[in-house]
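Structure, as structure tokens:
Letters A, B, C and D mark the chains as written, and numbering starts fresh at 1 in each.
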Amino acid sequence: MTLFRTLRRWQLLLLLASLGVPIVLMLWKPYVLIEGLQRGGLYAVIALPMALILGVVGIINLAHGEFMMLGAYFAYWMGVYAGLDPLVAMIPAVVAFALLGAITYVLTIRRALKAPELNQLLLTFGMAMVGTEFANLMWTSQPLKPHLSYVYSSVALGKLRFGTYAFIYTAAAIVLLVLLQLFLRKTRLGRAALAVGQNPRGARLVGIDVNRTYLLIFSVSIALVGALGAMFLTRHSVFPSAGSPFTMKSFCLIAMAGIGNLPGVVWGGFGLGIAEALVSSFRGYGGWADVVFFAVLVAVIMGKSYRRQTA
Amino acid sequence: MAVLRTEALERRFGGLVAVHDLTFELAENEILGIIGPNGAGKTTAINAISGLYMPTAGRIFLGEEDITYSPPHVRCHLGIGRTFQLVHPLVDLTARENIMVGALFGQHRSLRQARKTAEEIAAQLGLERIDRSVSDLTVLEIKKLEIGRALASDPKVLFLDEVMAGLNSDETKAALDAVRGIRDQGVAICVVEHVMSVIRDLTDRVIVLDGGTIIAEGPYSKVSADPRVIAAYLGEEE
Amino acid sequence: MRMTRYLPYVLGAALAALFPLFSGAYLEQVAVGMLIYLTLALSWDMLLRSGQLGFGTAGFFGLGSYAAILLFLNVGVHPFVSIAFGGVVAGVVALLVGLAVLRLRGMYFAITTLALAGIFAVVLRNFPGLTGGSEGRMLPNCIYAGNTTKIYWLVLALAVFTIVISEVFERTRIRLALTSIRNDERVAKSSGVNVFKYLVFVFAVTSAIQGLAGGTYAHVFGFVSPEGSFSANFLLLPLAMALLGGVHSTWGPVVGGLVLGALSEYLKLQIPYGHLLVYGAIIVVVTLFLPQGLMGTVRAWWRRSHVTRGAQ
Amino acid sequence: MSLKGKAMGLRVWALAILVVVGAGFLVAAEEGPIKLGAVLPLADITGAQGSKAMQLAVDEINAAGGVLGRQLELIIVDDESKAEKGAAAIDKLATVDNVDVFIGGMSSGVHLGELPALKKYERVTVWIGAASSLVEQAVVGLDWYFHIHPWDYLQGASYVEGWAALQAEYPLIKIHKAFWAYEEGAFGTSSYQGSLVAFSNWENVGESFKSALLGGGDYRAVLRHAQEFDPDLFIWVGYAADALPIMEQAAEIGFTPPLFVGSPPGWPADFGTSPLADGVIAYGMWAPSIKDVSPVSQHFWDAYIAKYNEQPATYFAPLGYTNIYVVAEAIARAGTLDKEALITALEATNYASPLGETLTFTPSNLIQHQGFRNQKILQWQNGAQQVLWPFEYATALPAYPFTGP
């Protein structure tokens, strides 16, 4: 009783919807829920490192998807030359991309942090272009994808048959979220990063090495997104422009959740994934999935702004 | 006849009540001081009256007009001018242009008139380097610029939020003269200040806020002796 | 006195207008592309001067393209009328959208405008009866039958029109309003600036310019399609041009547009395979070493050399 | 090998004779190379390999003495897959380089933007790309315009013919119901709509999906709808990036239609190495295996690999090669670069192309000079694409039905 009294009406509606919709879906179109969670997990997990960079370093990394694309190529060639499965190649990818991230930070981002804010947009836009064209020159625009038999494993429950492997994205999103939250709340470095993200000047005053924190967070994020590129490759083809749509999707998710709200990114990803899967589940309406994605996005942002004004 | 009047003004942020039951009047040609410990709700009160925050309850009248729910730019047009606690110069404009903003949008002057108004106000305030970019100006000059910008909108009521903070004694003295000069033009002034000597020398009357509401009101000499006021300030210092 | 002040502009405009006399069709065609992008870059910057980062450029460009072509094909008006209609439609839609979303700030506004562009494309694609669906619509004959010189003048007129609007923004109270909103919105409000009104106004005007550019582009190249007309190129390239040239002024985006437009064409001819890599690398390097953009750097250098000369 | 050598020898001789005859008519003043101006998207593999194959053909012809005693010069300009860049490229080739013939081409969207410029110069244009019938409407009545690639509706008609032939030849194959999954952009939609008309005797259901090329990549909703419909033939029209993921996701939900057809403009490099590929039907104009039945194709294959040390991976490579030879032979036949003579000579084209078929120009629905009209029905078998139809180029028997992994 007290619980309900403390909740406002909209919170109650939201709670009911977030519990009710999955239950209805579970009974009505179970695969929408399953595939929506899988698809949403992919959106969410790829958005998390971008959210981290935006939250702490404060830049919108337009080359985010390109780092993922390069990670996928890395995993592909690790498979060809070293015989590594992409999921195993995530380990060397973390190392390689942490290094790439650190180099990128030292050579470019650090210098741009002092410049007017929008320069970082232009800088990362240029980097995205360099990344795409580098891949294009090296490996042409022809898509590459290794054959992996485990990616189409599935189970059948009665008449319902669905893929199980793609839950790896759902799981990865949740695991990464938990790890990042633990890191940010429980470790010294993480707390320092949070402080820097909220107020770099104040953090510097209390003795935090802001530059080193930026370097760390940027490298970690790029390492993560590089490794996620390898995970992406298991179920998707890689080609030079494979990453750019994910930059946009990630940015949308972060805007929906609000800067610094990592759990919001994950729930938003799941929500959008399910919404898209639901629209697509009606034959002939798949073309409207994008509109649903954008409509949900705009509705959430507008709703939040409205609430902020009335609160 | 009061220039500005509030009735039981309240402003909440979620569960936090920053200002409540704030009722006061500002008379013509009066200099009113608002004092109180940190977090007493002084700046919130100014924000609510100037319209940056909408009040959650109560009423605000400017003269006869009810401005409780008017947007901030309309309140400016009607005659409420203000400065900000931390200086907020418009950094991409020159000093002159900063002042012109008030004249252009507060009083809807033409560009030429606004330029002239800016010159006059700068001269009145003793702001000389009028065509320099803001980054070249001293703290005192920036404070003058902020007062000038507020003044350029030709206010009936002027709120000065800690304009004396960070000035040395000579500068403070110059600033006090400037403020008196503004009052002499027929502008009612409301100053929020931490520096008690300023309040003592400048104000006709003082209201003391604590916990978002008025705990004492009257001339400085009377208020400063009020045990509740002393308690409020002592509470802050421990 | 007055004459000499405007002399450079008159000379520049005359030079631009007479460009076809000493260029061939090729350079005219390149200039047409550059001027379209320059127009978009400038309009994007005009909104940015209010502090609002708009990502709707491609969306309003595409909307204007479609409005112009559909009116032209279905009603048969003069191409100019249909281009103007494209601008009006984009402007009116922006006005309505702006009334709803211009309470948002920062990246929330940016992402919402981006989302709107996505929505336009999908909606137009899903009404194939009118819009031709995914394939789009084609003009039987495009404007001036492809005469590059006339097309150049048309697009130049569009660019000059935009430059004039931008200068009007720069030389009237609008500049002080937008700059104060950008620098400190609370100060602007308290100083009497009707922030919302100015933002909606600027958003509608710049979107209308983008719609005009879209309508012109569609008439010049003779077709509209969801993929072509709403291409992310119409957002990203203008953005890069404005930032590289230097934001918050008329001449920054203009110079950025000319420099990047010429550079991309030159690189393409020099390095057929891989010119985009060099182009991207140049953007990175310029961003790092000229953080104020080209015009900002020139202005700073000019000021510095002036000050030192004054001191001596 | 010897067959190939003989065919090549014949070609070179034929050219040489034409060259000598042509040279006889030549006015001595006509010096300098014959210029061919190509516009292609060089950042895409289609344009990159297409342009390389063009250069290969030009080098071969020049090594054999050129045309009309003059060398060929190939000038390639990147269109960057942008309409305005394509238009500027046409203007550059026409006014700066003063090319004699326009060749090249890829996307319909870019080509629509180039057409105003091409119409301005009215020079002979032999185009290998742009399949949309929207383009056909835009080039009605242009006597100097030659189009090599089949229009979208011609492809549909060709497949109707192919499936009729296959069903007649192999009675086991029966098609009554077809499900079309097409990418939602212009490419997929126009292919689907072009085919709908042609396949009116089937029960057709179509649904669009978002290609991985444009940020999609989840096909399961469409595949489930197809599974519910239970078609005899399932066909997806998308891009190479969709190929393997579609097979995986179909395997995931257990969707195994008797005929599983893919119709991308090119296949990913690894597709054949996946066991999921086995039995997948491919639509296309060309496959490497055609070299087994066509000496020209074999020669092209070997020469391309020898020159560039990579395999042709898209049919735009043999198309680019064809583009040059068609133009060069027509110039040689015409004996002049005069426009009317060249058009007449092009109309008489009869070129045994590396795509297998012999290229001639005949009228299509709206235009006079349409080149290829037929597609091929291929099948992935043991990691390679084999030709099932037309039977004259068949390299393997169909494997039927598709069983999945």
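As a convention for this text, a contact is a pair of C-beta atoms (placed from the backbone, for glycine too) under 8 Å apart; a residue touches a chain by one contact, two chains touch by 3 or more.
Because the structure is a prediction, the values reported are computed rather than measured.
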Contacts common to chain A and chain D (chain labels): C
Please identify the chain lying most centrally, where each chain is represented by the average of its Cα atoms. C
Taking each chain's centre as the mean of its CA atoms, how far is chain A from chain B in angstrom? 47
Based only on mean CA positions, could you tell me how far chain C sits from chain D in angstrom? 37
CA centroid of chain A to CA centroid of chain C, Å: 31
Once you find the CA centre of chain B and the CA centre of chain D, what distance in Å lies between them? 76
Note the residues in chain C that touch 2 or more other chains, in rising order. 125, 273, 276
Quick check on chain D: which residues sit in contact with 2+ other chains? 43, 48, 184
Enumerate the residues of chain A that touch no fewer than two other chains. 133, 136, 244, 248, 287, 290
If we use the touch criterion from the header, which chain pairs count as touching? A-C, A-D, B-C, C-D
For the chain C and chain B complex, residues of the former touching the latter: 172-173, 176-177, 179-180, 182-184, 186-195, 248
In the complex, chain B touches chain C at residues 50-52, 71-73, 76-77, 81-82, 84, 88-93, 97, 100-102, 104-108, 111, 114, 149-150, 153
What residues on chain C touch chain D, complex-wise? 24-26, 28-30, 32-33, 36, 125, 132-136, 138, 140, 142, 145-148, 217, 220-223, 225-228, 231, 233, 265, 268-269, 272-273, 275-276
Note: in the complex, chain A contacts chain D through residues 31, 35, 39, 133, 136, 140-147, 149, 151-154, 156, 161-163, 165, 235-237, 239, 241-242, 244-246, 248-249, 276-277, 280-281, 283-284, 286-287, 289-290
Can you list the residues on chain A that touch chain C in the complex? 60, 108, 111-112, 114-116, 118-119, 121-123, 125-130, 132-134, 136-137, 244, 248, 251-252, 255, 259, 287-288, 290-291, 293-295, 297-298, 301-302, 305, 309
